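Below: a set of structures, written as structure tokens.
In the two complexes that follow, chain A is the common piece, with chain B as its partner first and chain C second.
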Partner chain A sequence: MKLLSSFKKELILASRSFYFYIELGSALVILAVLLLAVPENFSTTTTQYLYLGFPQAEKEMYVDTVLESESGVESEMVEIEAGGKTYDAQLITTDGEEIYIVDSEEAVEKLAYEKQAPGAVVKLDNSNQLSFKYYLQGYESTRLKNLISIMFNKDIGTLEEQIKNQEIRSLTADYEPINDRENTIPPIISFSSGLMGMFILASYIFLDKKEGVIKAYAVTASSVWQYLMSKIFVVSLTSVISGLIITMPVMGFRINYGLVLLLLLTTGFFSSSLGLLISSFYNDLMKAFGVIYLLVILFMVPAIAYFIPGWDPFWIKLIPTYPLMQGFKEIILPKGDIIYPLIASAGFLAAGVILFAVTNIRFKKTLSV
Partner chain B sequence: MLKRILNIFARDLKINSREFITLYIMIIPLVMAVGINFISPSINDTTVNLALIKDENLEQAGYFDDFAHVELFDDRQGVENRIMARDDVLGVLPEGDGYYILTQGNEPGFIKEYAKLLNVLYESDVQLEDARSEIVEFGRTVPPLKKRLVNMLLLLISMLAGMLIAMNILEEKMDKTVSAINVTPTSRSAFILGKGFTGMFVAVVSSIACILITGFYDVNLGQAALVIFSTTILSLIIGFLQGLNSNDIMEAAGSVKLLFLPLGGSVAGYEFVTGNWQIFFWWSPFYWAYRANDNILSKSGTWPQLLLFVGIILAICGVVYALLAPRIARKL
Partner chain C sequence: MVSGRIRREIMAMIKVEGLYHSYTRDENYALKDVNFEVENGEIFGFLGPSGAGKSTTQGILTGLLQLQKGNVTVAGYDIRKIKRKMFNKIGMSFEQSNVYSKMTAIENLVFYSKLFDVKTRDPLELIKLVGLDGKENIKTGEFSKGMKHRLTFARSMINNPSMWFLDEPTTGLDPAIAAGIKDIIKEHNSRGVTIFLTTHNMFIADELCGRVGFIVDGEIRLIDSPKNLKLKYGKKLVEIEYAVDGNVKKETFSTIIKEDKDALNKIIAESVILTMHTKEATLEEIFIKVTGRGLV
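Right after this comes the complex of A and B.
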């Protein structure tokens, strides 16, 4: 009962503070950016520069083959500038590629260097076989360079035929991907709603410390844990509301909101408890700033692994935002794994309870720091 | 006037060093720069991850290892379990006389094509020793991802510097000394510059240190200093806005989150949004700062281009300042 009235009081105070509206306002801004400025699918285009050292007829044959290889491939004559010189080029635009066919080997070298994109020269050698020369920047991995160096050791036609015939099987045949806009939701929710709780709750406590609220609890009938818990409830509620503001208009009713609520609440609880624990060691936000900021930055690192799924070292899985982002992703995937977000929620709840218990002991002992 | 500005700067520096916050704000970016150095080589080495059965074909495993990351498992089930993990790993499993590629189903197309090509090359006995292609390298050693991370770090530094200014002003507000300035010989502009100096100093020192730590020794430091200077003007305005608009630390902390929006949005806009859609980000000085830094870190920036970008940043800052000047004056 005391907890409920504490919560009500905190909620009234929060509704009068500017912070509460900043939270809701920023959720609305994120939503507007997602809906208006983020395309459903990011179009990333790679550029290459190519010189074909063949007779004109064979060059045209190559271009025709590329143009006919898929629909939507276009060709036009353009001029490109590099290092103060202008080069004529035939630009072939495919779905994700721009290939500039230029008139000389020197142009390929200059353009590859100036534009920092790969270049290739294809010629016929003395034995009338194709020879390849690649211009790379130097930072490409050894493994990639190895592949490039032998890629065309075989006849291109035979290679393409063999690749086409290479059998490929899938363990989950019914996988349905999400678009790029939907794919940005898990990291946004993780930082915006989930982990800002740590920062905000620590700020809340420092404010109350400054005003002597925590010490005043020593002479009330209410216990410190109820006071702390009511703060957590308010921050978690704010994060749930802002999370739903972002998620609902983008995802509609296609996802399981029970799981969304569960994950938002448990991560809110975990991060708020972490914020509480940090605030129990310091007098004010300025002193705790370093720890909080380092943690926020550390928590951002799994976003790299999220967007580069081939890079997933073990240590990154130990950072709490990793299961948080992956859990959200499973929730928004059309046939996502339900077990993963449940296990992640249980983990966050358990970790939050432990952190809360430790913090409560610290606050009870000191009533301030 | 200069003396008064320096006095305010020296006083802030002294107070900040007592609170350790200046030290934090200077050290955190350096720690992050070291972190970028630590993770970027392994990210850059990412091609494709393959899972194979141990002892099934040692020669094949050795062959693939020259082109991809290879993990070995005791049996087929082990390979399947690994494929079903959250990252992108493909299996190459034997059947009859050949091998097939096993996927989870959610991998991007280019990863599957890479694995198919590798298996075809192996089955065709194309060896690395027989390589016929010549590779010419330009000697650039910094991968694009590292450049992006450093660029983001530079923007973050300017934001941290803005926060430092905000906290300095907040401290004055809480001590109720802001209005007291009006009865001293210090002018309002001297106060603003003096208060901003600490943040600007921190931003310039940290940014240059981070550029050097991350290995960008050969970028044009003059150009970098120019962009850093313009972003610190941005920090100054941000800091003042935060500091004057917030009544307590709680509100200042909340407004930090608001600042992450234009920063994150501008970076995402520049990196992911193509063509004419980028117009939607032109209003953000962070967008121009990121673009200018990108040119500098890529060593492709020309002075006229950079001056244009810096001019745009300063113009946007000028407009924001002109709009908010009456408010700042009132709050002071």
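Right after this comes the complex of A and C.
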């Protein structure tokens, strides 16, 4: 009854507090960005500018060869603006490339500079041999530079044969990838629902400390843990709502929402308890801001491992946001491992219980006159 | 002898023995060997200047501060092993108003009424009692300081406390409202409620308290009833106006303290006396005489 009253009170306070609307508003903004700005699959099309210093007949022969090399290759005449000038170009669009064939070496140089894309000049030298000049941007990898060198030192036919003879086998036959938009959901949920809970709960406590209402609560027959738990309930509820706002429109009903709710609730409990613990050491948000900021930075590090799968050191798996993101990813993968989010949820619940117990003891001791 | 001691402990609503407290947890004590008792049904005034240790004592009695050294029982409960049900018997009105500013007056009281295991009072009745009727549906963030203070006072009565802690209950209130608050305190006391009144307002203490304790620098200097204090010190003061070096000076002297008598005799002998008459000592003057300190 007392817990329920405290929960109702927290709901009233949350509904009249801007933190509540900030979290829900942020979720809506993130959703809008996901649906309207983030493509389902990020474009991997590369743009290149090319000048062919050949007679017209050879030039047309090259273009015809490219157009016939694979299906879906298209060609059109376009105008490109760069540095206040307009250049005529023939645009050849393939599956992964946009090649602009321009009329002069000067145009390639200018376009490569202005558009920050690679350019190449191919022409015949004085001895009637093909000469190649590349305009790179400076950030190209050593591998690409080595590849270009190999192309001029090895027989192209041998290289083609080597590539064709390579066998590629998938080790996980059941793996079905998700699109890029769906792939961005786990880190977004982790930060917007998980970490915001820590920040918002600490803010609620500091507001109560400022108004002195904790002291008034402390002289009632209700326990401190009920006061703290009622706040956790409200923050977890907000986390669940904002998490579903982001997840449902993108994922539809293709995922297990029981697991989503479980993970959102347990991570909400964990992050709220962490926020409570932090707020037990300080009297206002400004003093606690340094610690909260450091934790947010630390918790963001696993996002690097998430987007760069090749970088996955052991220590990063110990940061709570790592299992949180991976747990969400397993939930949204078509054939994801449901054991992982279950174990992650159990871990967050256990960690949350420990943090809550410590916080309860601290709050009992740190109420001041 | 034993039965007498037990009866005395039952009679004592508050019992404090050898209480020490240090915020820095060293020998720098905010409270030093504080001992006193508050009888069941009395109004006990705890008086002292700012920083004397009033709030620290009250914080320990209400469990807001941890008991470090000494023995304290409140309403029969040992403060060292505090139990939540103790607070069913306790009401606490804070000096600094502490209500939820985003909730209305009635929402505040309804919420607090649910936090006790005993029958609670009608929130609307309490709001009317402190003169806030018609304001019950206004968020307290829009209240004046005095209105918040009255609501904080009203909240402290929500659980019908038998032990009522009041910290500066009339501070910041206009005289008419302050008089109403004093009437409420008297009415509760007449029904047997024990009241621990912390204040630096000697007039309200004089008017309401059966006994007062003077605390200065964390030590209790004196405990007695205002009546006894006046009998002891009253009409034994002389207020004298005299001229010295062309300037008019006004001073008050005790006629029983040797240093005061010597000083008075010296003035009579050496100065031109303009006016001189005996007067009844106010509680504030007694406090200053006893402690050597003002109340600010």
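Basically, the second predicted complex is superposed on the first by the 242 of 369 C-alpha atoms of A that agree within 3 Å, B and C clash if a C-alpha of one lies under 4 Å from a C-alpha of the other, contacts with A are read in each partner's own complex, and residues count from 1 in each chain.
Keep this in mind: a residue touches a chain if its C-beta (ideal position, glycine included) is under 8 Å from a C-beta of that chain, and two chains touch if they have at least 3 such contacts.
Computed from a predicted structure; not experimentally measured.
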item: Partner touching more residues of chain A, whether chain B or chain C; value: B
item: A:Phe281 touches, of chain B and chain C: first, second, both or neither?; value: neither
item: Partner chain(s) touched by A:Phe307 [first = chain B, second = chain C, both, neither]; value: neither
item: First (chain B), second (chain C), both or neither touched by A:Arg16; value: second
item: Doubly contacted residues of chain A, that is, touched by chain B and again by chain C; value: 17
item: Residues of chain B that touch chain A when the two form their complex; value: 19-21, 23-25, 27-28, 31-32, 35, 39, 42-49, 66-68, 80, 83-84, 86-88, 98, 100-108, 111-114, 116-121, 123-124, 126-128, 130-144, 160, 167, 246-251, 253-258, 260-261, 265, 268-269, 272-274, 277, 280-281, 298, 300
item: Residues on chain A engaged by chain C in the complex (per definition of touch); value: 1-2, 5-6, 8-9, 12-13, 16-17, 211-213, 215-223, 365, 367-369
item: Chain B contact footprint on chain A (complex, rising order); value: 17-19, 22-23, 25-26, 29-30, 33, 36-39, 42-45, 109, 112-114, 116, 131-139, 141-154, 159, 162-163, 166-175, 177, 180, 184, 191-192, 196, 199-200, 203-204, 206-207, 284-287, 289-290, 293-294, 297, 301, 304-305, 308-313, 326
item: Chain C to chain A touching residues, read off their complex; value: 55-56, 58-59, 62-66, 84-88, 90, 92, 94, 96-103, 107, 111-112, 114-118, 152, 155, 159
